[in-house]
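For reference, the structures are reproduced in the following blocks.
In the two complexes that follow, chain A is the common piece, with chain B as its partner first and chain C second.
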Partner chain A sequence: MLTLNRVSRRYGETIALDGVDFVVPENTYMSLLGASGSGKTTLLRLIAGFEEPDQGEISINGARIDGQPSHLRDIGFVFQNFALFPHLTVFENVAFGLRHRVNAPVKNEKEIKERTDNALELVGLEGFGHRAVSAISGGQRQRVALARTLVTEPRIVLLDEPLGALDANLRSRMCDELKAIRERLKVSFLHVTGSETEALMMGDKVAVLADGKIVQTGAPDTLFAEPLNAASARHMNAWNIFDASLCAGPVGQGAIAVRFDQIDISATGQAPETRPHLKAKYLTGEFNGPTALSFFRAEDGTLLQIIDHLSQPRLPDLVEGESYDLHFAPDAVRQFHGAA
Partner chain B sequence: MESRILRPTLAIYSGIFLLFLYGPMIVLAILSFQSADGGPQFPIREWSTYWYQHLLGLAETSRVSQLPVGDSLIRSIILAFMTTVVSTILGVMSAEAFRTKFKGSGPAFYLIILGMMVPGVLVGLGMALLSNTLGISRAWFGTSFVLHVVYTYPFAFLVLLAIFNRFDRTVEEASMSLGVSPAQTFRRVTFPIIFPGVLSAMLFSFTLSYDEFSRTLFTAGRELTLPLAIYGTFSVEIYPNLFAFGVLTTLFSFTLLVIYGLLMKRFTSKASRFKGQEEG
Partner chain C sequence: MTTLSTDTPSDTSLSPAQLREKKDRRRAITLLTPGLLWMALFMVLPMIMVVYVSFWTQTTFTVESTLTTASWERFLSSSTYLGAIWTTLRIWAIVLIATIVVGYPVALFIGLFVRNKTLQTALLVACVIPFWTSFLIRVIAWRPMLGTEGAINAILMQLGIINEPLTFLLFSEFSVLVGMTQIYVVFMVGPITFMLGRIDPSVIEAARDLGASFGTIFRRIILPLSLPGVMVGAIFVSVMVLGEFATAASLSGRKVNLLGNIIVSQVGSLKWAFAAVAGVVLTIIITAVIALALRLVDLRKEM
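Our next item is the complex of A and B:
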């Protein structure tokens, strides 16, 4: 179990991490979702020991690891750019850790070959060992990077946007494979990403990092359906967050959130009396295949989005520049305390 | 349209420029094949390899004494080799240090670079005065060696600085995350990747030291290095044996360059050897 206790890191005036409390349990696929610049890469680098926190403690199974040199921490790291050794073949890349590590290096060539081949097989690269790393594709490089880390059997594997450099098709395939590989090895993965779909799809648990803090941790479906605060709702990219005072009807006060797919539209003045509603101007629509997204501007300038599923259309025909009443069920509202 | 005039013009210009660059050497090479009774100028009386034989002590005794280059050549090569080793090691170490900002890195940088900027005559003279004051006797392997390092080390340093500038630090972090110590990481990852730069630094150091003149002039003491020995013969009288020697040293430099090129090629092609196809 990896535990971070009030970990902070500053770069000059900029606060990257501000007292992060965070736990990655054993045998878990943990996603860490954060916008770019939220400090998510910094968090990984602190855990791996490439940088040290200004304050706070990092420990694995109760033993502190902050302050230890990174090569003694026994933590795997998969880089966004893969960081393969360009002068070594695929096989030698994977065997590198076994051969040269400080703790319990493997001297027996037969064992090295066996374990390296097993790792290559695990990631689906049997027979690629003799290739130069410049002679394989991006997806294969990703697998080499993964095999290189997994072969040393680290206590936890950190993945820094591991799919960022892959094209969309490959990304979804690697998602499934990463999950399957982790389940076979029973080691914890901490996967950092800026994509909410990736985070929700991969994680057994998902944590949201915003403004240098973990704002919420939970199961993907809980996090998606019941964000606890505006910050985590915003990261789901599925919630309209606006001020309750815009609405007529029973909605409370302060910042509220309504999911994109839970808002209905009627002509001005036609909204059902029992449902909270607000007036907004239709800006434009965006067709995404199975879904269509409509954009509205509320009276205070807030941008609102509504999703319509093509199989079950529920929106009327919309004219750009016209105002409509947007309404929703009272129990669709999530109320947040504090500023939106 | 433009290129129809421009390209041939540029080609001719480049040709003339190269001829200008290598003209003196070509003249020298031609004159080295002068016959025994010919002088160090045109016309060629008769084509022969007499002066090469003379240089190597194979010709029968003649009125011209043999060039006193044997010992000085060996001295120069040893000195260049020592300089290469020390400058390159210093260059690698200091370039590695300059990857992170440290206190005083700005002044330190300029102090290193100064070694190649200050006039050699002044440094040489200064070193001579200093060694006299301190009672250290001047020698090519002592005082000269120090100045050669001061002179070539900035070149090695700059070459490696440029290499490290493009170096992707994450491969080192990757190595350490696999449990490999920083020292092993340098040996197994960093050094092989920067090796082409190390090779270039070595080449620079060697060639610069090999024909260094002004710094050596004041500090070499009694035993001369090759450039000093050659210069010494100018003051007497010039015979074509000097040209023959020039040709031979040029060939030696070319050999060095070829070795450098081959090593470089072998090294840089390693990464792309299997590009796009299975190994045969």
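Our next item is the complex of A and C:
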């Protein structure tokens, strides 16, 4: 179990992490979702020991690891750009950790070969050992980077936007494989990403990092359906967040959120009396295949999005520039307290 | 019909691809011409001339174009001249090693530990500051430094480490080695820094994360990746040291005779044929050294 306790990191005036409390349980696929610049890479670098926190403690199973040199921490790190050793073959890249680590290096060539070949097989690269790393594709490099980390059997594997450098097709295939590999090895993965779909799809648990703090941790479905605050709702990219005073009807006050797929549209003045509603101008639509997204501008300038599923269309025909009444069920509303 | 025109291409008009190719070729030739002309006139021709002259007949003050191998025989049978080849090779090897030993750590610092590009450039420029004065001043400045009454001896005497001035410091092979290393080390620092600067920092972090100590990372990752830089630096230093004569002339007190010094003195006494022999020998040595260096590291692959 990896525990972060009130961990802070500043770069001059900029606060990258501001008292992060965070736990990655054993045998878990944990996604860490954060926008670019939210400090998620910094968090990983602190855990791996490439940098040290200004304040706070990092520990694994109760033993502190902050302050330890990174090559003694026994933590796996998969780099976004893979960071393969350009002068070594695929095999030697993967064998590097076994051969050259300070703690218990493997001297027996037969064992090195066996374990390296097993790791390559695990990531589906058997027979690629003799290749130069410059002679394989991006997806294969990703696998080499993964095999190179996994072969040393680290206590936890950190993945820094591991799919960012891959094309969309490869990305979804790699997602499934990452999950399958992790389930076979029973080691915890901490997967950092800026994509909410990736985070929700991959994680047994998802944590949201915003403004240097973990704002919410939970199961993907809970997090998606019941964000606890505006910051985590915003990261789901599925919630309209607006001021309750825009609405007529029983909605309370302050910042409220309604999911893209839970808003209905009717002509001005036609909204059902029982449902909270607000007036907004239709801007434009975006057709995405199975879903269609419509954009509205509320009276105070807030941008609202409504999603319509092709199999169950529920929106009327919309005219750009026209105003409509947007309404929703009273229990679809999530009310946030404190600052939005 | 369109099929008609595609089936029967006329011989006179070229396809756009061929035209482009022709244009590219013309541009390449235009770009190469000045360099090729220069090389042909001022390098290839004189080289041929030097080889030719080395077979001319040398009398005391004149040289005639009657072909003979007399100069070659004299050169290859004289222990003085063979000794000069040996001295040249020895000094080259020592200076080469000294520039690597002194230059590599400096390059390592600038290229790897200074991650700020501006500061990197500033430090590299600082390495070149000695070049703002003339070559001769840089060489001669070693005399007040290394002489019997020079700075180093004075300091050592003051500190009571020695009672008599060290005489081997100046006008010896030692002073030549010190002078040459100081002058040429920057040509080693530059290329190595360049190669080290190209190493992705995350590659080194990855190696640390896999559990390797800094020593291992240096041996297994940093050194192999910087080797092409060492090779380029070695070629620069070799070419310059092998043809050297000025440092030896001003710091050795005429005790060290390099091939370059022989050429200078032979030309000075109008022994053209003999100077040409030494020149040819020197060229062969330099060519062999560069060929060897290129053998060791495949620069085309590494750059």
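Criterion: the second predicted complex is superposed on the first by the 340 of 340 C-alpha atoms of A that agree within 3 Å, B and C clash if a C-alpha of one lies under 4 Å from a C-alpha of the other, contacts with A are read in each partner's own complex, and residues count from 1 in each chain.
The rule we apply is simple: a contact is a pair of C-beta atoms (placed from the backbone, for glycine too) under 8 Å apart; a residue touches a chain by one contact, two chains touch by 3 or more.
As the structure is a prediction and not an experimental result, all values here were calculated from the model.
Aligning the shared chain A places chain B and chain C in steric conflict.
In the overlay built on the shared chain, the residue A:Ser8 is in contact with neither chain B nor chain C.
When the shared chain is aligned, no partner comes close enough to touch A:Asn118: not chain B, not chain C. Once the two complexes are laid over each other on the shared chain, residue contacts for A:Thr291 go to neither chain B nor chain C.
In the superposed pair of complexes, A:Arg131 makes contact with chain B only, with no contact to chain C. Touch criterion met: A:Ala48 reaches chain B and chain C at once. Applying the stated contact rule after C-alpha superposition, one finds that A:Ala83 touches each of chain B and chain C.
After overlaying the two complexes on the shared chain, residue contacts for A:Gln68 are found with neither chain B nor chain C. In the superposition on chain A, the residues of chain A contacting both chain B and chain C are 48-50, 69-72, 74-77, 79, 81, 83-87, 96-97, 100-103, 148-149, 152. Chain contact summary for the complex, chain A toward chain C: residues 48-50, 69-72, 74-77, 79, 81, 83-87, 96-97, 100-103, 105, 148-149, 152.
Of all the residues in chain C, the ones that touch chain A in their complex are 200, 202-203, 205-213, 216, 220-221, 224-225. Per the touch definition, chain A reaches chain B in the complex via residues 48-50, 69-72, 74-77, 79, 81, 83-87, 96-97, 100-103, 130-135, 145, 148-149, 152, 154.
For chain B in complex with chain A, the touching residues are 168, 170-171, 173-182, 184-185, 188-189, 192-193, 270-277, 279.
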